[in-house]
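Next, two complexes with chain A in common: one pairs it with chain B, the other with chain C.
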Partner chain A sequence: MAKAVLLKKTLFWIGVAILLFVFVFPIAWIFVTSFKGRVDIMVPTRIFFIPTLENYIYEFYKMPLLREMKNSAIVTVASTALVMAVSLPAGYSFARFNTGEGHLLFFTLTTRMFPPAVAAIPFFFVFRNWGLLDTHMGLVLLYLYFNMSFATFLLYGFFREIPEELEYAAMVDGYSRLTIFRRVIFPLIAPGAAITTIFCLIFSWNEFFFGYIFTRTVARTVSFGLISHWGSVVVMWGPMAVGVGIAILPTLIGGWFMQRFIIRGLTFGAVKG
Partner chain B sequence: MLTQGDEAKVERAPIVVGKRKTVLETLTSERYIKWFFLIPLLVVLGVFAFYPLFYCLYMSFHEAILIRAPEFIGLENYRKVLHDSLFWMSLGRTAHVVVVCVILEVALGLGIAIFLNREFRGQNTIRGLCLLPLVVSPLAMSLMWKYFLDPQMGIINLMLSWIGFPKIAFLSMEGVALYAIMFMEIWKWLPFSIFVFLAALRGMPKDAFEAANVDGASSWFTFRKLTLPMLKPFIMIIALLRLMWLIRIFDPLVGTTQAGAGTETLDWYIYRIAFIRFDIGEGATLALIALYMTIIIGVLLYRQLIKALGAAR
Partner chain C sequence: MAEVKVENLTKSYGRLVAVNDVSFSCKDGEFFTFLGPSGAGKTTTLELIAGIKKPDSGKIYIGDELVNELPPQERDVAMAFENYSLYPHFSVYENIAFPLKAPTRKEKLSSKEERKRVEEMANLLGIGELLDRRPQHLSGGQRQRVSLARAMVRRPRVYLLDEPIAHLDAKLKVAARTTLKRLATKLGTTIIYVTHDYKEALALSDRILILRAGLVEQIGTAEDVYLSPVTDFVARLIGDPPINLIDGELVSVDDKFLFKVNDEFSFEIQKEILEKAQRIARQENGKLKVRIGIRPVYVGVSEEKLSPNSFQLPVYAVEHEADSSIVTFELKDTFLIAKKNKKVNWGISDKVYLDFDQTHIHFFKKTLELSKR
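This part shows the complex of A and B:
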């Protein structure tokens, strides 16, 4: 009997080990690879090697990685701030007043599903005429469009969890709707808003398609910068590993702290993970 | 003679607003407040959703290449697209990716979720670690796997050679490359279905399972008659969300095959027509066709989401 339990336990932990290996090892290995020198990188399985910073030095001094990180950071933060300014009141309106009887909310959600080309084609020409191609402003606007519907829908779910009775109490006290939103609802939605904010930051940071089409050099984002690591003949694996590692590090940290909410966010609030 | 009700009316009557309300007061009044909160969203929707939609609709009836003035050609673009074998091939590939990925993710995800559905030491840490692929940027992921799958210095090929397999250029072999792309997608998104199912399993009412246990039902029977029906909405949500995301699969191709070796998907085809060939008319037509397909899925998904949100309330 005890033997069977022990066997079961061992099998379970072997299974967990396999899962961890599959999901974590590739990510960890990229960070290990980024410290490998020119020779060591040719031998992918070499675990013991003398770590070197040459790839990092190359990335930071010879490649525009620092500028790209700055670009990504500016665009990510600015667009997320705009998204929250648009989505907080909208999510509240949908949740409390059922504005548009669900049709408007549905339309908002569908914009998230638009193939990116639907927006990219017209705005490429609009932005060219307005001089917004390859600027931070242009990308901020596109990311606002890209994240707004997601944020609205997620916040809609959070707002629905706030009991209406609280507002009635405040209304009896003579507060106006705007004051109620600011003083009563806002503190209650703050945790949900924080989760939504981090999601928007991660999505904007990871976005590639719009960055690829709408930027060239000045406002080039980290994701776009990554693909410049291979020419027609050679791939600079070492510097590329550095770039990949740095591009995914912020989202890994964000994801680690958000782990309780990732499933909830990705399912638009339908599944509470 | 005044009744009590009339008296009340008389008393309430004098409350008349003397001065005219300002615009802000009107907007924030009980009647319009819900639209007031929506103003920013409506502006953004107007600019970023309605305008592109009508632009694409307009362009889909025009011949517009590069910056030449668009010329009306009726349904010619649609005819061209529907007779275009490259379009159908890219659509077929996308469908292939969708079907394989969704089936495998649901099946594997459910299996692993059932396997993990118990209390064990360090479960939160392990869960957090397994969720990490979800936040990795798709482009960084594609480059990562380009390195791992490389025929010369890829770790996967090296491991295969230990057990006597020949080296395989996964990303440049016709017929294999598309499966390599699917593999990357599944690697990234499997944690999603695992943890959706795990959340679903943990949220299930215990008494039904206890009753089945008392009645001596076999575990396969319990799974088929109890677990699976209760999981159905979650399977729907996973399938529809993944379907929606996979239809626009683009990023994983950029770092790996660049649509070579028979991996050109629908979104890459649209990208090529619209932004490399700069045939705006045809590109817009393709984009709209992709949009119609996603909207159909969207309608189904939305119903499931609202249902799930309603149930969770």
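This part shows the complex of A and C:
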């Protein structure tokens, strides 16, 4: 009996160790690589090496990493704010009034059903004519486009969890719909809204495809910037590792602090009166 | 304070007509109850008055004002919901105080006055100790009282209470009923009350409106609906054990009229009620059919033949209550129940004499199927 339990536990921890290795190794490898000199990088079997900051100095002084980070931050935050401004009322409206009798909601979702390239081509021509290529505004609009449907659908689900009677009660208590939304509905979906916001932030920060196609220098984002280390003559592994290591930091730190919140948001439901 | 007048109110959900041409007028300060089984349209009618649902047709007046187009927050009504609908992110105190803080209210209370009002109401309903808790941490009965307190804390034109004490346990229910009645009398505000429990309705109401499948069956005082039910449905709804409903025919023998169920079970109908019996009876296959209703307390049972009108039936079962007995007899499609204010010890199949108090016999048209269940 005790043996069986021990075996079970051992197997469990072996499984956990394998998973951890799969997830943590690439990240650890990136950070380790960022401190390696050019020669050490080319000999991956070498475990011990003399750490150097040359990659960091190169990345920060020779490469536009900081500007790209700023661009990414601007675009990510602005697009997420816009997405929430659109998706909160949209999700509420779909959930409460069944706006469009399901067709409109489905239509919103279909925008995520084809490859982004299909959307990219028409957008490219429109943006070219409107002078939106390589601008923050252009990227913000694109990220609004591809995050909105997802956010709306997620929020729609959260809003549906809240019984309609709660709103009726507040109306009879003398409140207008807008005040009810602010004082009763929003506090109840706050965990859901938070998780949606986090997802939008992460998606926008990590987005590569649109950033690659629609920006060049002025509005170039971090994820695009990373592959610019990959030149036609030389691949700058060291500085690239620095860039990658820094680019994943916001998501990593954010995820770390938010993990409890995320779990609460994902299992959110059961708002019983 | 205001009267509530409803004219030809109709509301359907798809094909189901939940409220069907309902009209009534509830006087200023009246305690007015909707009574009916589930699905009768009580809650829907209440929600229409509150403005939560829109009627298909009909008019609703609160005071002299036609409120059809007004949203709930402008109707100045307070409502307790059957499913409580408490705000889960507020404490009990905040839940009860929420209606007092509404921007649409004319009376602005200072936070001191507000606390006084909330505490007063909470103490009255026995939830004064729970003010700092969240609704999730309350029992069903406590939540229901919070919901009632939230409705009663305001001074609206009309209170709408949907089964506000249905989920309290028996002892608490009686106490809450008393509290509610005292509160209603003290406030003098119109109350429209929904219940499926006839005892609550009789205990609290000035008048009762009985709904059946969306239609008004009867409107009257407690005495009216208990003593003179207009249909067998109303009669069945009120009273425990339920009223006996028996189908039979009117047969004239010589110059007498008999109510005859079968060969063993028949009795003479006295002259005083004969005219009513004949008015309600209907021809069916050449027979004059009628349904009688008599409450169990007016069915006399004894071992001796007390009057020439007595008849004999075998006992089906005898149940005992604290100081009375309930004797059941089996008929073809239903049971006949007699309540005797004395303990009796008859065995199954013992033949005893039955004797109806004829001043308490009601005659009905048949609108309800009988069953032994």
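In this text, the second predicted complex is superposed on the first by the 246 of 273 C-alpha atoms of A that agree within 3 Å, B and C clash if a C-alpha of one lies under 4 Å from a C-alpha of the other, contacts with A are read in each partner's own complex, and residues count from 1 in each chain.
Following the convention adopted for this analysis, a contact is a pair of C-beta atoms (placed from the backbone, for glycine too) under 8 Å apart; a residue touches a chain by one contact, two chains touch by 3 or more.
This is a predicted model, so every value here is computed, not measured.
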Quick check for you: in the superposed arrangement, does A:R160 touch first (chain B), second (chain C), both or neither? first
With both complexes overlaid on chain A, does A:A119 touch chain B (first), chain C (second), both or neither? first
Pick one for A:P26: touches chain B only (first), chain C only (second), both, or neither. first
On the A-aligned overlay, A:A90 touches which partner chain: chain B = first, chain C = second, or both, or neither? first
In the three-chain superposition, say which chain, chain B or chain C, touches more residues of chain A. B
Between chain B (first) and chain C (second), which, if any, makes contact with A:S176: first, second, both or neither? both
Under the stated touch criterion, which partner chain does A:Y168 make contact with: chain B (first), chain C (second), both, or neither? second
May I ask you to decide whether A:T152 touches chain B, chain C, both, or neither, giving the answer as first, second, both or neither? first
Pick one for A:L66: touches chain B only (first), chain C only (second), both, or neither. neither
Could you tell me which stretches of chain A are touched by chain B in one complex and by chain C in the other? 176, 271-273
Chain B to chain A touching residues, read off their complex: 28, 30, 33-41, 44-45, 48-49, 51-53, 55-56, 59, 112, 115-116, 118, 120, 124, 126-140, 143-148, 153-155, 158, 187, 190-192, 195-196, 198-200, 203, 234, 237, 241, 244, 247-248, 250-251, 254-255, 267, 270-271, 274-275, 280, 283-284, 286-288, 290-291, 294-295, 297-299, 302, 304-306, 308-309, 312-313
Mind listing the chain C positions that touch chain A in their complex? 47, 50-52, 71-73, 75, 77-79, 81, 83-89, 98-99, 102-105, 135-136, 143, 150, 160
In their shared complex, at which residues does chain A touch chain C? 163, 165-166, 168-176, 179, 184, 187-188, 271-273
Hey, which residues of chain A end up touching chain B in the complex? 12, 15-16, 19-20, 22-24, 26-27, 29-30, 33, 41-45, 85-87, 89-90, 92-93, 96-97, 99, 102, 104, 106-111, 113-125, 141, 144-145, 148, 152-153, 157, 160-161, 176-178, 181, 202, 205-206, 208-209, 212-213, 223, 226-227, 229, 235, 237, 240-241, 243-244, 247-248, 251-252, 254-256, 258-259, 262-263, 266-273
